[in-house]
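Same chain, two partners: chain A is paired with chain B first, then with chain C.
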Partner chain A sequence: MKMTPVLAAILSTGVAGGAVAQTELSLWYHGAGSANAEEALVNQLVEEFNASQSDWAVVLETFPQGAYNDAVGAAALAGELPDILDVDGPVMPNWAWAGYMQPLGIDEAKLEGFLPGPIGRWNGEVYSVGLWDAAVAMTTRRSTLEDNGIRVPTLDAPWSLEEFNGALATLAATGDYEFPLDLGMAWTGEWYPYAFSPFLQSFGGDIVDRSTYQSAEGVLNGDAALAFGEWWQSLFTNGYTPGTSQDAADRETGLLDGKYAIAWNGNWAALPVVEAFGDDALFLPAPDFGNGATIGAASWQFGVSGTSDNPDGARAFIEFALQDRWFSAFSDGTGLIPVTSTAAANTANYKPGGALEVFYGLSEAQALVRPVTPGYIVSAKVFEKALADIANGADVADTLDAAVDEIDADIEANGGYGH
Partner chain B sequence: MALVTPDNHGLRLWTRYAVLLLVAVIFIFPLLFMAMSSLKPDQQLLSDTNSLRAFLPVGDISFQNYSDAFDRAPIGVFVMNSVLITGATVLLTLFVCSLAAFSFVFLDWAGRGLIFSVLLATLIVPYESIFIPMLLMVSQLPWIGFEGLEWGWLNTYRVQIIPFIADGLTIFLFVQYFKDLPRELIEASRVEGASWWMIYRRVVMPLSGPVIATAAILKFLFMYNQYLWPLMVVQAEEIRPVMVGLGYFTDQLNVPWGEVMAYLTIITIPVLAFYLSLQRMFIASVASTGVKG
Partner chain C sequence: MASKLTRSNRAGWLMALPGAGLIATFIILPFFLAFAFSLTNQRLVSPNPTEYVGFENYSDLLGLAVFTLEPERDEAGNAVIKDGEIQYPRLRNFTRRNPDYPHLQGKREWFSWQSGENRTVVLASDVVFMRALVNTFLFVLVVAQVQSGIALGLALLINQKLRGISFFWAVYFMPVVVSIIVVSILWKFIYSPGDGLLNSLLSWLTFGAFSGIDWLGNTATALPSIMAMSIWQGVGFHMVIWLAGLQTISPTLYEAAEIEGSSKWQTFRYVTWPGLRNTAVLILIVITMQAFALFAQIDVMTSGGPLDSTQVLVFQAVERGYGKQDISGGSTISVILFLIVLCISILQRWLTREKT
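== the complex of A and B ==
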């Protein structure tokens, strides 16, 4: 057949177009409506990646955070997962275990110098990496402590249990505050295991036995956990901290308004404290209740879906994101902690002498990831309910025993979760 | 024998109005709280919940929450999607289910009793319990569109509409209503030579205003309030409905309550408008069939 010039031109255009066309990669992101700079920065990251090479074009789809995990679960059922997922750090092992994600397969040399929290490992392999982390601190004013003769703790010498209890008693006795301590009981959900399980770990207990991940027996209801539970309940019975009915508005501004002397809060809430108190603002390390001082770690991270047809492209995108300039940009935009010290040096808040520099040190020194197991998503909710019940006056031993039974039953029902 | 005097007649009237007023207050106050709260900053909103101020436009009043809500989420897109999905489903449901009911009541075919019983049995099956098999089905279904044959209905308008067109409750409502229509009308029409389609269109449906209103309102509410299904089958923001959009106003720790109230006020308007437009017929239907919305 003789090809006409027009047909030849169309075909050649098509062939040429095909040669340069970028393969589309879908990226799902949890922050729709987050009303901060994060979503805009993710968009910028995608645009710059797409413009930086000719093989791949990432297409971003955003979801509201409250619906994100359910949407991913439904998509996995229907075989419609995207190429790239973002995943909350403690949830990652569950998604990896369920086959929603595959090992990242990037050169781990690229992760050197990272804070520990943003690297998502499961079964010895890296599945996800974050561009930022978060940290919590005992937030207060230097004058509050000094006026009441309370020692200012440091990373090397955090408050002991006796010192911390003594500080709360002293502050309560002043009568200047509605409560000496704000734990943020108005917040629910992941805040409980993220913010409060480090206290349990510092007592020597844990949500689940990390040596086997097959049971919570002995760690969530052993002597250390019972001591933790009694202490936890005493915070409420002594009137040291507001209970589960705390007003959300008080959680937001109680410290600034002078209702609370100390607030257990995150770096995301730190800038208003600096603005309000200036040099008087203090961000203190977690107390050491006998087994070392720890804080929670791991925020949202990127990974490759288990069914991606283009893992190379997904990996290329994630590697593109692992640059100090992005870590700094996200930190400056959102206030979160950059994952390397070199990136921190180029941020407004975490550079040496920056208003939030202390949080980088806290993340580096005290961060402990939540239990790295697929069962975490269940045990976290059990833990949350147990702590709320104890705060509301439930018997400590009975409550922790019941929590252990529930966690163990779930682990057994899921065949040990692949450990 | 009790006598109705002007005095106790007045007392009974006042008592009746007092009860009605109390019921009206119970139903109106949540809406009032929502609308008033949408005008207040978060801190005032939360502190006002301790008093009657929660129901009054007092304090620092502005439309800032509405502005912030529109900045946070594409509310117009969500509302339009919900109106489109709900409107299309309601219209198709009324047509398909009334035809099915017409067949059950007026046509004589083998097995209709059994099939109607099976249909009634589906009323006790909650949708949520069959969503996962439905999800697996719709993800594999074919569709012939402008771009030819394609597989899978996920991420489309049709997956939010078609699975909900036929439903047992609506057919049941129409069947119950059609049974009460005078058979003489149907028989006279047949004698005059009218086809079944003509009887459906010219005789039965024009007499069915109340049940149409009832079925439309119930279906409207069900579809407009859909959350789990669209969450499972839709990933693209441009075809999300309003209830999934509510998720834009919550994150891990903080809820901007003023914006939430502004969003809820906005998305309640279509529901109220639809209900009020059909209110008279809905009440007539409830009075005649005892169906509760």
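== the complex of A and C ==
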């Protein structure tokens, strides 16, 4: 948007003049120093909201992502939480349970047509809403599969376990690649539960029993989980995928450099693939290991802090943000998935025929949020360590048993996490 | 002397106040808090009230049990042998919800050995903590010896009046000035598997005979790799302390030794080394304490893996306290670490005391 100096002057005096009557709302955001347009867009969102009405003036403060959660925890202890928070989807129940956040209280009709991932529910109420979602796909080249006689899977007919294993064996046998599959083991932290727990769910297991959220016994160490664990270990013993010591640089460029044939990677890494391979680039749905194909869902979302004196203002801001034009703007600026199909139609990458259109379909069809419980933060860590250990050759049954014991002990120590 | 401390030196106390205040606020107070938290179930994020739990956190960390596993037997009562190995029932049959073995509930195998047909297993309530304890001691033991030794060697080399010697001072001291996080990231690239820097170098030196090692991904090489990198990073600092010690030794002693016709080794053994006595004590204690505090390298390079081969106490304390929101568990590890370092420091003081 081009602004004439006069118009800009009117606008800025309007904002400054209006601020006298406006009540200030503080907003904390995790995206300080983001590499893409994210931070600029949040600034623009705040400015336009402040100019659009005369009751509230949002003041934005951004944090580097690595320090954000700690800052919120410290602020909560000191009673200095802002009015509006942004929160990573799977972390939200933990903060809601601890009283850091309050129910959003917006009209749920406004959330119609949304993808399921960006709506953060806990204890039957909506606590947070996101302007975008993320999805992962088996990223590869059409020519790689066709040259080796491997079927190109679809959303309706994803690869089965046998087909997927067969494809890896075929690709390994060509000798053209250092590894046929790149799972991204170099990305420690939340990537493990986000990217790999859907495999476990597809086998029929889970990180925790979602019917009660009181135990992991039988779901993380039951027969399905053991089958998953044995398969997981076989990926590494067969040399199909690089292990936990993977070079982070190889994770970034290994597929493009031809070191890996298939990479399990997110839509945020998809554009370089399209640029490098053009029409040959393929983003394939997760394999179905027997219990349906799933991928993780939920990214960063906005919510109202538990101690805010002005929840009405905070709600007004979030409702203002929930417009298709913002979903489209953030998607264009960051490459993330817009949360409604109408917004998707107005984006560069997700419109019909767009380079990343397939991710919207993946998110719509396969997305399953990570366990919605305050204990997720701990169980995610336990799950990460169990997967790393199994990848490094630990006994599958013993490792999963130990993980179950640790998760159960944590749930008990927290009085059941309020379920 | 005593009167001077107490009498009319308000200015002195005032000047000490900022330092003393900071130490009290950020070191002494947190220590007492850590001890208090270790007796409760304090969480990082929780609406539940904190409760006093006594020494439960300590028993959860330190609990041990010994268990003798008898082999599986066939109908004749002989041990079942498959592929030349005696078959045992799985430990999980005993440690998980088995009412006959309540003392084994939730414990895991730490290590085991063979005694006749039976296998004796040592189980721990918290195997990860036990491994962290062993790794930390191993790290301290190796690093304290090797780092102080190399630092002394470098100090002796550098303690000469040669042209351009200050260039070497700078080179050896450089890693100390660089942030440990940056150093760790760089060394991660050096240790990278496949065609990493170290692997490429070794392969070039051996004309391709050397095949790449996954330095940080192998349980046998991960901890030694981190030791080597830590020694390299810290050696310059201790070299400077040795150097300061060397320069306090009076040149007249060396002149006298030369006149007496002592060899280089004799000069070192009977002049230099006795003159470095106090420096040696200082360096030993400082390196020991620094080595016990090992954290950043682990956090950046391995996160304690592979298979807990690089777990250490401080990393575990942070991982539990912040990562898993279990402040009481993290505090308990900190208190145990404090007691260990305290005991070792006292022991070192006693062993290196002035014998009169």
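A few points about this structure:
The definition used in the following text is that the second predicted complex is superposed on the first by the 399 of 419 C-alpha atoms of A that agree within 3 Å, B and C clash if a C-alpha of one lies under 4 Å from a C-alpha of the other, contacts with A are read in each partner's own complex, and residues count from 1 in each chain.
In this section, a residue touches a chain if its C-beta (ideal position, glycine included) is under 8 Å from a C-beta of that chain, and two chains touch if they have at least 3 such contacts.
Source: prediction; values computed, not measured.
Superposition of the two complexes onto chain A shows a clash between chain B and chain C. Once the two complexes are laid over each other on the shared chain, residue contacts for A:62 go to chain B alone; chain C is not touched.
After overlaying the two complexes on the shared chain, residue contacts for A:32 are found with chain B alone; chain C is out of touch. In the superposition on chain A, A:377 contacts chain C only, with no contact to chain B. Judged by the touch definition given at the top, the superposed model places A:234 against neither chain B nor chain C.
By the touch criterion defined above, A:245 reaches chain C but does not reach chain B.
With both structures placed on the common chain, the touch criterion links A:401 to chain C but leaves chain B unconnected. Within the superposed three-chain model, A:342 lies out of touch with both chain B and chain C [touch as defined at top]. Look at A:99: by the touch rule set out above, it reaches chain C but stays clear of chain B.
Once chain A of one complex is fitted onto chain A of the other, the partner contacts of A:392 are limited to chain C, with no touch recorded for chain B.
Between chain B and chain C, the partner in contact with more residues of chain A is C. When both complexes are aligned on chain A by C-alpha atoms, chain A residues 70, 247-249 touch chain B in the first and chain C in the second. Across the complex, chain A is touched by residues 41, 43-48, 90-92, 96, 106, 108-109, 127, 188-189, 191-194, 196, 214-217, 219, 303-308, 319, 322-326 of chain C.
Across the complex, chain A meets chain B through its residues 28, 31-35, 61-67, 70-71, 74-75, 77-80, 82, 187, 189-191, 247-249, 252-253. Across the complex, chain A meets chain C through its residues 70, 73, 76, 94-95, 97-100, 178, 188, 242-249, 377-378, 381-382, 385, 388-389, 392-394, 397-398, 401-402, 405, 409-410, 413-415, 418.
Those residues of chain B whose C-beta lies close enough to touch chain A in the complex are 42-43, 46-47, 68, 71-73, 132, 135-136, 139, 152, 154-155, 231-233, 235-237, 244-257.
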